[in-house]
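Across the two complexes that follow, chain A remains constant while its partner is chain B and subsequently chain C.
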Partner chain A sequence: MQDKQTQTPKKGFDLKQLTKSRGFSAFTAALLAIALGLIFGFIVMILANPDKAISGFRYVLVGGLGRFGDVLYFATPIMMTGLAVGFAFRMGLFNIGASGQYTMGMFFALYVGFMWDLPNGIHWVVAILAGMLGGMLWGIIPGLFKAFLNVNEVITSIMFNYIGMYLVDMIIQGNGVIYIASKSRTNYLPSTVQIPSLGITGSNVNLGIIFAIIIAIALFIVLERTTFGYELKATGFNKYAADYAGMKGKRNIVLTMVIAGGLAGMGGAFAILAPSAIAGSSMTYEPINIIAANGFNGIAVALLGSSNPIGIIFSATFISHIQRGGTLANLVGYKPEIIDIVIAVIIYFSAFAMIMNAAIGRFIKARINKRHQKTEKEAK
Partner chain B sequence: MDTIYYLIQNMLPVAIPLLLVALGGMFSERSGVINIGLEGIMLFGAFFGALFVFTIQGAGIDAQLVLLMGMVVAALAGFVYSLLLSFAAVTMKADQTITGTSLNMLIPAAVLLFSKMFFNSDGITTNMGFFIRKMPVLGDIPVLGPMFFQKTYLTVIIGFVILIISVIIFYKTKFGLRLRACGEHPQAADSVGINVYFMRYAGVSLSGILGGIGGFFYSVGILDGNINGHSGVAGFGFLALAVMIFGQWKPIRIMFAALFFAFLRTLAYSIALIPFLNDLGINQTYYKMLPYVATMVVLAFTSKKSRAPKAEGIPYDKAKR
Partner chain C sequence: MENYIVEMLNITKEFPGIIANDNITLNLKKGEVHALLGENGAGKSTLMSVLFGLYQAEKGEIRKNGQVVKINNPNDANALGIGMVHQHFKLVEIFTVLENIILGVEPNKLGFLQKSEAKEKVMALSEKYGLSINPDALIEDISVGMQQRVEILKMLYRDNEILIFDEPTAVLTPQEIKELLKIMRGFAEEGKSILFITHKLNEIMEVADRCTVLRKGKYIGTVNVKESNKEELSKMMVGRDVNFNVDKKPAEIKDVVLSVKGVTVPSKHHKNNAVKDVSFEVRAGEIVCLAGIEGNGQTEFVAALTGLDKMSAGTITLSGKDITKSSIRERSVSGMSHIPEDRHKHGLVLEYSLEQNMVLQRYWQPEFQKNGFIKFDAVRKYAEGLIERFDVRSGQGPISVVRSMSGGNQQKAIIAREIDKKHDLLVAVQPTRGLDVGAIEYIHKQLVERRDAGKGVLLVSLELDEVMNVSDRILVMYEGEIVGELDPKNTTVQELGLYMSGAKRNTAKEINHAG
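Let's look at the complex of A and B:
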């Protein structure tokens, strides 16, 4: 989304060329979807409680600014799941299983955190890698099913969301070291396994966000500059043409799902291994048989960023920003679920925002042309 | 024998939502629109059905009549909600999978928001007793009586009636034939004067109606008339899609597939009551995973020779030939 915009200034700022580029229309489409989502959210707020709607909506819009550290902390996992969904999307795969991969990654990281005794400085790195491995494991199975058995990846990855969730909850509940039954949550992680903090007071923001951004940039390079990335995009554009050109479709499907799973798994690790703002505690997980929401939010992030890794950095930050705002809107009586509604509406509209965008563009152009013709006629 | 009666009595109320929702998915996909939003449609129908029951439960109307009225409300709700999908997928030619996903995400959040703001809980709790201990006359039939007409819900009978109606509509009417044509080759259908857009709207709307009813029947038959935004319908919309694929997009096969899945799930939740399985001492969670694992296994074996509608998932564009 950003690449085209930075290239143009070389020959002077050319607005026409800029507005015609694909990246620009994806960007405006995303803005349109966001605007419609926010308007819908505002309407729901008015319906729910007209008196507080404006102050609540202000929290949603700008509330996150005062807590930028938290925004970045909560952006980290959804950036990773967003990359997991977006990366698979470029190949034409809809990785709805990011939730399961995320949960698996989180569990693997937890397991290494509690059960392995490693020296300070290495422990958290190993835990992150373990999380990646867990996610990969949960990504490869739908990939294999898709590639060799022709099973729709959407159904399999949904099933794996449930299987993973039940499995993880069961194992955690059965493990006395990890789980505290009386508090129905996991124990506090040892400090050696927590990712070093970035030192912003009052927030959990840590090195994870830096890693996530580096990974996003690396993925961008993979997609734009490598043969694998080219094959991946070609398969996404036209599967049959790619097959005909001799690209190894099956291998690429499995590889894509493994990478996507690894990304989501790292997201889970980043979320659970974060240092806590309160000394002596850590992030915890409650095994209450609910599918991780961060996986589904990843779909929103990927769509908003039009599956471009650089775009996803920004869209994840934005979604996290309004989520923080939604939590703050609780102060005037609104429930944070309002943001889930806004996100769902954003996804709904971004599914056809490109088309709508083009329609609006045509409409405006037609109006301008009409006016043009009118003035020409009057001139005659 | 008692265990068998018990399993069947508990299996049927579970099978009916799966059956209805899978039939809905079938109508939608055979018209050419992938409806992955069934989970959301179910919850939407269940929510409005439960809300209706909640508002009317004090009026002293017979429970079975309330059930029928709630069914109509749920069907209407599902229909309205499915219009969002048909508008995006048919009129706006948007990606059907993404649209369906957004519909799935919207409803749990909306239900939670609404329930938290107005009921101060995570869902709606009703105290209407829909359970039927024994149906008159029919319940006295030996063997079949205890299986189908005792300790059950009215939803079971309605479900099978809807199945029969669906089969007739699907195979014996002009409408059904046209609907199927639109899912296989919309261009050909269009060339003989069938309005593809209308047929696809009709297919999705039918899936909305059946999805809404299925959701309400889920809330009646499994949750005892309650609904909760957190657990929703526990992936039944997705399971129904698997049932539909397992049933190869054909109504009678879908029925058998639904019964199969319902049997697995019932088994999973009644381990403690079946002595020989309880003695194995396997963690109950394994059984809870069973329906989902079974889906994977079943799909692995059936997908190779899959008979999916040819044009499903592709927005119909008159300009493209």
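Let's look at the complex of A and C:
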């Protein structure tokens, strides 16, 4: 800001133009939310343990940088659930059921992984597609209820989070191939079904993150360039106008929920099919009746990314980054819950994004006007 | 220096991006009816909201009887004797008339409501001012005109002396309007002071003593109504001369474009049908106007006609094709254009750019898409063409966000889109609602131009002037039925009003015959 102050008014006009663009305002709002969240988190850390606050906070801020592979690895599933929430949100649907879709996707992938014998190189691809299918199944049901019976998708999808989770836990516990009762977790997956690693030492990061980014970009293109995206956003902004224009609202609701479910389902598949850094092992799932946190983190990711697929790539990476940092803050004695508080505050503030943005916009405008007046006075 | 009961001095009120009131001064004498005239968006309602404490002005001061007062909320206003009848009534639907009147100032003893006491006072007021009401009726059961009386009695019950009426006549029949103006005159003679917001010049000429004119948030002037005339006032309001008459040559009526038979639509609010067995025809080259007071089934009828809602009985034929069961898009493709009643709810996606809105029904046609991808160049070119032809003004041309455009230009964009789309029938529902005189003039011209181009036009309107001036044939709708068919050349506003209020009707036989 400081050096911009000294620039010519012409440049100031450009700044004004820039502040008007929607993408820019969403971006500054997200940054502001992050900054406030971090400040608040720092205060919490000071209150918890004043002596270690600075070193702990440093871990939160930059700790993830040293483990960028892990950051990307943990970003993959929340990027997918973030897209699942964000994409549906563009149509005006609040898909709070990403958790259930994620769990179903993970289960379908597990099932293909254990029960189907497929050649190396094909197995994991089929498992991912199965995961997508599982998620789609759990997405289409709230979609159908919403479209044809006008049942609020929030209610249905919350219920389907529970139904999905209990169903999956029940089936897994009843399957001797998948489940090891003595360890109360799933067995190690065969290596043929693990997604190829990106080869960063000491990290589980795999092709999944590449797929997730490609999918995000594809969704961006669908939203911005296609007639389907045009209909979807029109419905999200104003469903009455979409009806008036003759768009097929019911079909679009179902289609959107199927796509959203498929995205979350793939997230579940990416998470469970990730290769383990330790040879001979794999990711496992513990059927202990807990709703998948990655689903809800997806809501946070989507909010922080303004439901924009490109924004979601960055917000998922950022949230993963400070989660890593939070884990590292353990080293100086902080509980990882601190980081959950920070994330919660960031989300809380990003919900105010637009309000705060208007405030910033006014502030910048006021500064520019003041500068104009000043230069005019000086000219006189 | 005269004695004013209320002085609003140099009031400035800003909203983000717009100065709604720019240094406005208004002085109200005791015992006068003072009209506040201006187009939509001129700042009338804002100014009155400042006086009533709903908004705080950034600059300027308000004085009552010469004393500077600070009005932070409607309670302050009430304490100063200022009352307001809002355009949209603030009544509790499921309460009785009496309960609504005493709401907020309930007489009580030790917390127990003293209704009989209140009732006496209300009935006394009602008798004194000729505002007959039934204190025990529920608000949801009484007519709009009756509800307005309740609002007026609310002000009187609170012993208000300064009465603000925000566009009170918009929802009334001609007979009710006459009644209301008489009551306002009565208040003034009794020493109460009236502020009367309107954009109807006839009413000002009839009832007001003085008139203050605003234009685009600025103070234009205050005139003595007796020394002025309609032409002067309208010129002050719009800033140029206005042609009140719609120029049109006789209609050249051709084949039937639209034929509706026995259309019945169930109501969403009550058990009865909102539209009952409606049948009529629209021919190419004529403007048929569906007139009536708001809430008599016009909205529901149009929703069924355009496919937005289902009907329970009847058939609709468009250019010989039965479209009774067609989807909205099929109707649109079959040649129905629709300028919707609520341009923000149905007509536009406000967050979309102007060009995106210009292809709202047509984005899927080969002209604008290929393999599911929108052809942005084609859309841009098409939008630019329409913008130029229909003179749609906006900040950034085709990429302006529609929300940022003025109401008149938003409506122009819809009209451009609907007229340019291939059509045989244009359904225009209250196309001039909320627009200024200049835009109204433009839209009427477009409707007549459509008619002369051999299209059928079905105009749904609440504005009597519009009904009388624009249409070739008037169908009056009352409580879901068509109660009369009139020729605007051989009828008077008074007669039309009688039909609209249900006091008069052609027999069903006559209408069927005419249809």
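Just so we're on the same page, the second predicted complex is superposed on the first by the 347 of 380 C-alpha atoms of A that agree within 3 Å, B and C clash if a C-alpha of one lies under 4 Å from a C-alpha of the other, contacts with A are read in each partner's own complex, and residues count from 1 in each chain.
Basically, a residue touches a chain if its C-beta (ideal position, glycine included) is under 8 Å from a C-beta of that chain, and two chains touch if they have at least 3 such contacts.
The structure displayed is predicted, hence computed values, not measured ones.
When the shared chain is aligned, no partner comes close enough to touch A:331: not chain B, not chain C. In the superposed pair of complexes, A:299 makes contact with chain B only, with no contact to chain C. Counting residues of chain A touched by each partner, chain B versus chain C, the larger count belongs to B. Of the two partner chains, chain C is the only one that A:244 touches; chain B does not reach it. Shared-chain residue A:154: touches chain B; no touch with chain C. Shared-chain residue A:343: touches chain B; no touch with chain C. By the touch criterion stated above, A:177 is placed in contact with neither chain B nor chain C.
In the superposed pair of complexes, A:228 makes contact with chain C only, with no contact to chain B.
Partner chain A is touched in their complex by these residues of chain B: 36, 84, 88, 92-95, 97-99, 101-103, 105-106, 108-110, 112-113, 116-117, 229-231, 235, 238, 241-242, 245, 283, 285-286, 288-289, 292-293, 295-296, 299-300, 303-304, 306.
Looking at the complex, you find that chain A touches chain C at residues 225-228, 230-231, 233-234, 237-238, 240-247, 358, 362. Every residue of chain A that touches chain B in the complex is listed here, in rising order: 44, 48-49, 94, 96, 145, 149-152, 154-156, 158-160, 162-163, 166-167, 169-170, 174, 289-290, 296, 299-300, 303, 335, 337-338, 340-341, 343-345, 347-348, 350-352, 355-356.
Of all the residues in chain C, the ones that touch chain A in their complex are 16, 306, 308, 327-332, 338, 340, 345-352, 356, 360-361, 363-364, 369, 372-374.
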